[in-house]
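Provided herewith is a single structure, encoded as structure tokens, for subsequent inquiry.
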Amino acid sequence: MLSKLGILFIIGTLFTSLSIIFLTFKELKVIDNLIPSKIYKFSLFQLFFSISSFFVLLLAYILSDFSLVNVYENSHSNKPLFYKISGTWGNHEGSLLLWINILVLFSSLFLFLTKNSDKSFKILTLLFQNLLIITFLIFLLTNSNPFSELFPVPLEGLGLNPILQDPALAIHPPLLYIGFVGSSIYFSAALAALISKIDSQSFAISIKSWVLVSWFFQTVGILVGSIWAYYELGWGGYWFWDPVENSSLMPWFVMTALLHSILVLERRIGLYSWVIVLSILTFTMSVTGTFLVRSGILNSVHTFASDPSRGLFILSFLVIMVFSSIFIFFKFSPKENKKYSVFSKEAFIIANNWFMIFFLGVVLIGTLYPVLLDTITGSKISVGPPYYNLILAPFLIPLLFLMTSGPNYKWISNEVRSLFNLVLVLSVTLFLITFFLIKEKNFLINLILFFSIYLITQTLFDFYESFKKKNINISRIISHLGFGLLIFFIYINHIFSVENNFNLKLGETKKTDYYTIKFVNLEEQSIKNYKSIIGYFNVSNKKNFTSKELRPEIRVYDKPFTITYEASINSNLFSDTYLTMSNISDTDVFNIKFQVKPFMNLIWLSVLLLSLGGVLNFFKRKKYEKN
Amino acid sequence: MLFKKVKIRLSILLTLSAISVFLIFLVFKVLEDNVLYFYSPSEIKNTNDLNLNKKIRVGGMVKKGSIQSNETEIKFVVTDLNNEIIVSYSGTVPALFAEGKGVVAEGRLRDKKFFIAKRILAKHDENYMPPELRGNLNKDAK
Amino acid sequence: MKKINYIIISVLFSLLFIVLYLSLGNEKIYNTQDLVGKKISEVEINLFQSNETFNTKELTNNEFTILNFWASWCGPCRKEHPNLVRLSKIKNLKLIGVNFKDEKDNARNFLRENGNPFDILAEDKNGKNSVNFGVYGIPETILIDSELKILKKYIGPLNIKDVNEIRKIVKK
């Protein structure tokens, strides 16, 4: 029943999308300034159909309707409701349906919310967006149909993998999808702008909100994803330079570059072609990332069951997309007016863009190199985190410096500013205090710490200044402050992280440099569908004589047989104490991983601050538009 | 005047290309230094010019009944069904580490038969292993 | 200038895409195909329905035998099942199903729904025995002759082409 209904709604979406393509194509030849109401109606229907199809799948998951292969393979009637719901997008087919929903949603929102814009630009954007929708609908129907039926209907589903039942894992995919699928709308808009030849300023204004929205969701999605890795994977790290993480970071770099260069374009200073290239690149990177993850040529902790035919489809789509973009770009390349000068805001923004593109290149090479080498020479390699850390770290220094001084320059000016001022003196003092507190010897790390402190002080100072003058560019200040704090805390965390691996028996005590860990008690409990072995540990700090109790768990599930290690984390604003225990081959020896990680919560908060800047900018624009 | 403009442009172009060449060189140099090669026990046996000082990854299956552990280390045998290698490791093993399961060990070779691991990786997804994923254990870094 | 850029960019992307395309069909490292031609090891496996065991030595009585590793939780197994049913109609070929890390009830339901093509049904509750056959993931199918020599090894679900190939081998 639900299966047929779902397919019906999908066909409905397909039909309306085709109609929109047909109508917009016809409208291209009509020279007037009115978009016919038919297009608006079809767009509404399209939105209705696609959202309904998603709700049908959601309902099938909630009701545990195992007549759908998808539900049968990924759900179980004993699953908590929350995980039944998140199961909808936790698999390839369901997530594809979510993709299509976001494509459709952005298509309609663009149509209804973009006002006072050139008609042919709007129509063409809609046309390109619907071409994307159609392609993905065909992919869904022919290769990855979430509504495939199963007969006879099984009584129970298969999916109850406890590792995958985690709130952060459940919510981060939709956030990321809104981020990088959302970038499709400015991909379509960029192609439309080329063909319709609209002026650079109105293009910049019409895509800015979309860039902000997708950038915000991408940032938060990456944040939640790394929180999941930190709490659930049990390794105590939060970023592993894993291919999937990389493929969410790559579009983020381009979005960040785009966010900045739009500011230049908005003021008719230049960069039109560049903004268009970036708009195209963002969605291209998103699709490339999806290809790498779903085709199975790279595999990572975030496993999607993969299938070469899917890879082939996404690759063909990518090829068509990239080559038609290149073709359109060179055929209709826009006229530039270049007005920028060396010591001006725009020059700093261009520098920011270079850094973002460089970071993108580094991550892209690191991710693709194993694939290329494997194909060409057959040797199997993996690129470890040292590669990324070694290359990216030195470049943080100039980036931080540019972020510090850049924003205070004026547009189109050539006035050189003196670098010596109160803020610099203050920053040097603060840095020296930090240096004597932490006594870090590595020169590079000290430089990074200094420049992040400089950025933080300068931004706070800017905040005070602009508050006095009452023209607050609060969003920039918040975001840059967040970035400065992020880098600062990441490095402080890096310096002060303690990790100890050792084996303990019940009742024994282990002494490390600063901590004493006592294995106090061991308890066994039977809970609903698993057996839990809980260790009681007493961790006392030798310096300040505080002690904490930590209770790591080993859970043994029987359906399917799975062992999970639940880390016990004692977390406060300044430091996380992290303990995992595991047992090797049923002896009475337990293997303990003990970690102290300072400022974890402040790292999360910094990223939140960074993304908050995006939200503020979005609402500031809305207010600005109204006035 | 015109000549001056051309000169400025040329110097900008030259600086830019010099910087790009330098960056590309840097990226690939660091990449080459930090790449971890992946070997199966058979490949280790058949390769003659192995560098014992370089960190590598060894992948295969944990041989049935081969896990031995004491207070300081775990020892087990990794096999690819043709050849075997002994792996010694001290530290926490991942949740999915078990006999008869795929495993990837990262560390250095002491000799062709003995490997000292610094890190153990196991597959994240336990049940479903479609054929095309099977070779990808090595890329499964967490 | 514009044209040169156009060509350079297009060529670069083409090269990248070609490599990505090749990597899709690339052979992966755990290739157990080289087990073909070797004899399978003698292993005791538990039978599914009873507590008795079964030794692979007994397979010397069959002209050809297929060992199929499957489980009810595995999606591709469901897909290949009709092909196993097809194979079960061949006279000089015996099918042995090894139920891999499964719940008995689920496995029974699976066979009730899809038919039981197996002459002997064995189980490998913790997945340890299957290792001896070089099985890494399921489904996997091994064709052996009366000398226990591995003739063919299929990794992943059997398709209709594989079925025809097996038919041909068995007829010779």
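Here the chain labels run A, B and C in written order, and each chain numbers its own residues starting at 1.
Everything that follows uses one rule, which is that a contact is a pair of C-beta atoms (placed from the backbone, for glycine too) under 8 Å apart; a residue touches a chain by one contact, two chains touch by 3 or more.
Please read these numbers as outputs of a predicted model, since none were measured by experiment.
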Chain pair with the greatest number of C-beta contact pairs: A-B
Chain separated most widely from chain C, comparing mean CA positions: A
Intercentroid distance (Cα basis), chain C paired with chain A, Å: 38
Rounded Å distance, chain B centre to chain C centre (Cα mean): 29
Distance from chain B to chain A - Cα centre to Cα centre, in angstrom: 26
Sequence positions of chain B contacting 2 or more other chains: 38, 127-128, 130, 132-133, 135-138
Contacts with 2+ other chains: residues of chain C: 29, 73, 75, 101, 126
Contacts with two or more other chains, residues of chain A listed in rising order: 305, 308, 380, 560
Complex contact set, residues of chain A against chain B: 161, 163, 233-235, 240-243, 296, 298-301, 303, 305-308, 358, 361-362, 365-366, 369-370, 379-384, 386-387, 390-391, 501, 503, 560, 562-565, 580, 582, 584-585, 587, 589, 591-593
Contact footprint of chain A on chain C as seen in their complex: 2, 5-6, 9-10, 13, 16-17, 19-26, 29, 72-73, 75, 101, 103, 106, 109, 113, 126
Chain A contact footprint on chain B (complex, rising order): 23, 26-28, 30-31, 33-39, 57, 67, 69-72, 74, 90-93, 95-96, 124-128, 130, 132-133, 135-142
List of chain A residues in touch with chain C within their complex: 69, 73, 152, 154-156, 158, 291, 295, 297, 305, 308, 311-312, 315, 318-319, 322-323, 326, 330, 333, 368, 371-372, 374-376, 380, 559-561
